[in-house]
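Alright, structures below, take your time with them.
Consider the two complexes below, in which chain A is the common component and chain B and chain C are the respective partners.
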Partner chain A sequence: MIRLERRASFPKWLGWVIPIASIAAALVAGALLILVSGNDPLDTYSRILDRAFASGEALSATLIAATPLLFTGLAAAAAFKMGVFNIGGQGQFVIGTVTAAWTGLMWGDSLGKAVIPLMILAGVLGGALWAAIAGVLRAWLNTNEIITTLMLNYIAANLASWLIFNSRSYWRLLSGSGLQFPQGKRLPEGSDWPDLSLGSLVLPCGLLIGTAVAVGCWALYRHTRFGFEVSIISDSPEAAAYAGMRTKRKVLAVIALSGGLAGLGGAADVGNFRHVLDPKGLNQSGYGYAGIVIAALARLNPIAVVFVAVLMGGLSNAGRSLQGPDFPAGLVGTLQGMVLFFALGGEVLARYRIRRTVRIPEGVTV
Partner chain B sequence: MKRKLLVTLLVGSMLTAAACSDSKKDSGSSGSPLKAAWIYVGPTNDGGWTTAHDNGRKAVEAALGSKVLTTFKENVPEGPEVAQVIDDLVKDGNKIIFATSFGFGDAMLAAAKKYPDVKFEHATGIPNDTPNWSTYYGAGEQSTYLAGMAAGKATKSNTIGFVAPFPIPEVVRHINAYTLGARSVNPQATVKVVWINSWFDPAKERQAAESLVSGGADIIASGGDSPAPGDAAKAAGVGWTGYDSDQGANYPDVWLTAAIYDWGSYYTKEVQAVIDGTWAKGDYYGNIADGFTTIAPYGKRVDDATRALIDAKKADIIAGKFDIFAGPINDQSGAEKVAAGKSIDFGEQMSIQWFVEGVDGEIPA
Partner chain C sequence: MTGITKQFSGVLANDDVSFDVRAGEVHALLGENGAGKSTLSNVLSGLYHPDAGTIHIAGRRVELSSPRDAIACGIGMVHQHFHLVPTFTVAENIVLGEKRPFRRKETEERIRALGEEFGLPVDPAAKVWQLSVGEQQRVEILKALERQATVLILDEPTAVLTPQESETLFATLRAMARAGRSVVFISHKLDEVMAVSDRVTVLRDGRNVGTVETATTSPRELANLMVGREVVFSADDHANRPVIDRERVVLRTVDLHADDSRGRPAVRGVDLSVCAGEIVAVCGVSGNGQRELAETICGTRARTSGEVFIDGVATTGRDPREAIEMGVAHIPEDRLHTGLAASASVEHNLVLKSYRRPPISKGPLLQHRAIRKNAQELIERFGIKTPDAHTSTRLLSGGNVQKVLLARELSSDPHVLVAASPTRGLDVGAIETVRGLLLDAARRGMGVLLITEDLEEAISLSDRIVVMFAGRLAGSVDRDNADITEIGLLMGGNQ
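Moving on to the complex of A and B:
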């Protein structure tokens, strides 16, 4: 019989070896798949590197794809850390785009770049309040937050969609091409978030903010009383309550923090890239759900989330580059899925060891 | 033993792969083919809009052979990713890029300005002065009118259900044409509209169709990209008019017909023009007379008398003897909107935001 047994100790070197070994294993398995599909694995892999990371331009494109994932990854990590399963990153992200877009449209012209902090604030507040609905339900009515946050995603998506497609809302463009197809009003160009250019490499403002926020989250969870209480509550809510910690408030605070991070991502998405409220594109993107995978791969470590988000951004960016008549989108998805599967599988091996146990027949004494 | 098998498999697949990549090189070696690319919002097997465009791409390959090398990107989300996809295609040497979703417009236009040597063509797009920019689409309303005639004759409950994507002029125009067609052969017919706010969402499309059937509709009309309403029709045993793609072979029991577009001829013409160096910018709006729009072959639910009726009407439209939007046309309230002897002019067709009499539904604000 084969059993999984939790490792008593976790040697440091395993923390490095296992991710590398999992990626190597994923590459080998992927190579087989690519071969069977009639393509050249070396060609494929060099193209992934080339189009996702190898040049300033490619890396810039990857960073654009990584920016929203960074925020939703941080959002998921922040909540999961306390065992609060906020699946609502997608909805909180969408609400963040709604509130940030409103702020940008309202004051973008008069304030110029000074509207950016307001957009950030609006995005954070929007996401946090949206998440707080599920937070209150969980903390005081003990409602399962997995279900409520998930349902709130659909409500947020429909709300944003209603603002653009079914109403004459403030966000909607009601002239020009807006008469041909419902779309959002473009935010004033003066309020576009700036990018930092280093030669051919372009770092989006949102990515820089996200990285700083990741460091902040790490410090919050590692070095503050708040973080300490979160880890106690996550280990044993009963013990925490017994020690006098206000667990209900903490649940609400953590879920609002998580929502705020996702909402900030929404603000960055509007300010940095889309510049309009775009419910259709957001719905198609699924950033919130990708964030959950990223948080898991990063072992809920906010600093690691930054790197995993860039890796995932690169994979999705390169994935579209690989696509073509001989390389269907399904194959790209399978490859990406294999990398994730091996990485998460490696994670299990890191935490647990495999033991073969022999069942001792009855009546035999050892 | 097992290991041997694995090695054999490995070597075998490597050889196959080598053979494949060789054959690819061969096909490219005769001259240097022009590279052309398509960007799709949905999957190429959506059974509707994207399938139709990808068949158009295949038609280009079939017609131009080794003179052209085509590629496509499917499932491309509307958003910052589109610019990356275009950059990537340009880097790969594509000289003409077609994008088939309205939401790709901004990224396409920005790219047209960034890469003046590459031709950019946007289906259902908005005209612009940029010299390497073209838009193309067609009068689907003419063929939709004919499909509506088939539905009007086939319905027994006089209730037809329309699964409608977005409340935009293009879709409103098609619903109006469909309703006018249905009522031209059956003045009792009404067309019930359900909005799904999506071009491609099989689950929603099917749900909408099912709710229409339970509301009394015995013919379902698709306005979206997937054949999911056809599945609902099949399950309920009611008739179905599709859109974009001929699905008659896959849904023989429920199929009436569908408004379809001949993307292949247009694509072939444009790609050939780039090869010849004669490409010119334009805003093409094809119609039934030049063969760009037409209807799919009839299913068995369309009887011979109806086929003859529709064929005659089609001939009249082609000959310029019949205008589907000719008055008198009433609006939903029954008040006359277009007087006899007048018509809905092209400008109003492109921005139309009211339903004709016989449509049961409303256009959200």
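Moving on to the complex of A and C:
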């Protein structure tokens, strides 16, 4: 017989072992699936590895795919740390692209590269203010933030679509091919974010900023009064209020911080990669939701978010480039789903331990 | 049970404990908080697996690896915190998890009959949320009986009951024992153990220090076994009383009014003053505004009118932080969830209020080294028993939880200490420590406002007793002229 028994405490090493074991288990289960579909698992995995990480070009493409995930992952982790469930990373990301694109379009020509800090600021502010709507509702009216942030995602998605498809907005291209097919205006090339090239490996500027921000988040939560207050509030809001902490302001601050991180991701996306407000692409990307998965896999640790984002970016990059007649199209998505599934299973093992028990046969006296 | 050993992260909760329960007896497990009573009962009810030792039921060795196994072996557990579904009826709760089909009429009849048999009257069709705490406990007991429990374990069953309800419970337990079942009664209250049990097993530091016949022992002997030394029952020590500085009024309220959480007036015009070095006890039947009074003084509850002065300075009463900074320390009633962040570490709980200022933080930055140093000092000074400073506070025993709270509050050198039921739920040894700390606080010149329902505690500790009734102060008695009957009458609203 195998039983689950509750653990009295949580050993530190488990925090590392569980995500790694989850991913390994997902690969094993995925291998069975590939075998059933008539392919060779080892061959498939080596091709994924090859396309995701093996060469400078592959790794560069992976890092591009990882950059938006890094920001939405950090956004989710920052909020979940306090038990505030910001599901609105997607919408905050979209608003971040809208505000950053506007800034780039407005001053990209006149300011050149100096517009980049402005775009970052615009993205952060856009995302933060968008999230703050849900934050104010949660802090002062006790509205469930899961529902409000989720609803705000739809509003943000429709707003971005409207700007390009249903209006003659500042973001829309109103000349040339834009007259036939609705599309956004290309940001002035002067405002394109620079990349750091190391031989064949290209590190996107957004990824470097994101990594620095991850370290900043870690330090914020570990080494500041703010982080201390967040950890107490997540544990017991009553105790926090009793100790004189301003819990409502802190809820708002954390949601805004989370939204700001997602908005910064939006700024990086538009400045670094798309260079245009592309509502269709954004709405199909699912970055915000992937960020929740990444935060969960990283156990809300901002530094771990960086690695998980690169891993997940690698999977989706490989999936995109390997898709074809000899490669099952849904395989990568299935693998990603399995990683999450096993990670959640791993959470159970974090809280419970497995015990083998021996049954004593009936009627035996010892 | 023979040689039961259970270890938690290096701490032995049970160390080679053996005891036996006979059919038809009430067997008390007595011990201080943290002595290992709950661990032992959790082993017996299949929640924990022992690291060593065996369990025999009716002569047969059993392996209990889940509560289901325990139920199958006839062990029924009534936890301190009930496990009932509030929106279900009594009958539904009782048969919840059973595999046979549910026939409402038949089940309700069966439960009614069972209740009458054991003196546990409860309406099987009532929804659980409508029941009083005492009735809910009856449902838990019926649940165990319905599952043919021959051994019933009750973990501190009286903690949530009124004295009258406790009496009824004791009668039921004795009736069950007479019917041939066995009852394991877990408690740290001596008088209850004396009243209800046939035999007593005393646990100390995870070890069985003796099993005695109740009829041949005395409360004092049990207390000494429990604590392991002679216990001083009263803090009544005239020579060493704190000196009261009548010139310095550290806490004064003037015509204070406040509402309770449902918006009804709870504090209705209280004028109160506490001098430096004075201990004033506020007595009253629970629900007469004492709790709200304490919270209003500490700023965690908004006042509707009136004034509060701390060491002569008026407060606005809008913010708990203001009260903290003016020197008001507060031991709230709900220690583990209001006074402390339960899952946070001991060292973090010890700086829960001082983290805003140097040396614990400099500017926006926390100083982890200062936090650790503060924890080491306080753990040593107040004798807090914890595996280390990083341990979650909720893993400590009740007495040590209260020590963490007191250590933090007293180390800030406040002018006023407001303590709400600071010894409730603690065992003899911890009560002694907490009372000693309160006296110490007064000796160091603090004014102590002690909210308590325990009249003996009020008389032995305080210089003055004020009685609160229906939100007002019904009277004030000096310690030297204190008369329990008179105070009791005042508490009941008789002038």
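Here is the rule we use: the second predicted complex is superposed on the first by the 332 of 366 C-alpha atoms of A that agree within 3 Å, B and C clash if a C-alpha of one lies under 4 Å from a C-alpha of the other, contacts with A are read in each partner's own complex, and residues count from 1 in each chain.
Heads up, the rule we're going with is that a residue touches a chain if its C-beta (ideal position, glycine included) is under 8 Å from a C-beta of that chain, and two chains touch if they have at least 3 such contacts.
Predicted, not measured: the structure shown is a model, and the values here were computed from it.
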Chain B versus chain C as contact partner of A:W13, first or second or both or neither: neither
Touching partner for A:S161 - first (chain B), second (chain C), both, neither: first
Partner chain in contact with A:G227 - chain B first, chain C second, else both or neither: second
Parts of chain A lying in touch with chain C, wherever the complex brings them together: 1, 3, 5-6, 8-9, 223-228, 231-232, 235-236, 238-245, 355, 357-360, 363-366
Residue numbers on chain B that touch chain A, as the complex places them: 10, 13-14, 16-17, 20-21, 24, 43, 70-81, 84-85, 87-88, 102-103, 105, 126, 166-170, 195, 197-198, 350-351, 364-365
Chain A-touching residues of chain C, taken from the complex the two chains share: 8-9, 47-49, 54, 56, 59-63, 65-66, 300, 319-321, 324-325, 330, 332, 334, 337-344, 348, 352-353, 355-356, 361, 364-366, 368, 392, 395
Complex contacts: residues of chain A adjacent to chain B: 32, 35-36, 38-40, 43, 51, 57, 61, 64-65, 161, 165-168, 177, 179-182, 273-274, 278, 280-282, 284-285, 316-317, 320-321, 323-326, 328-329
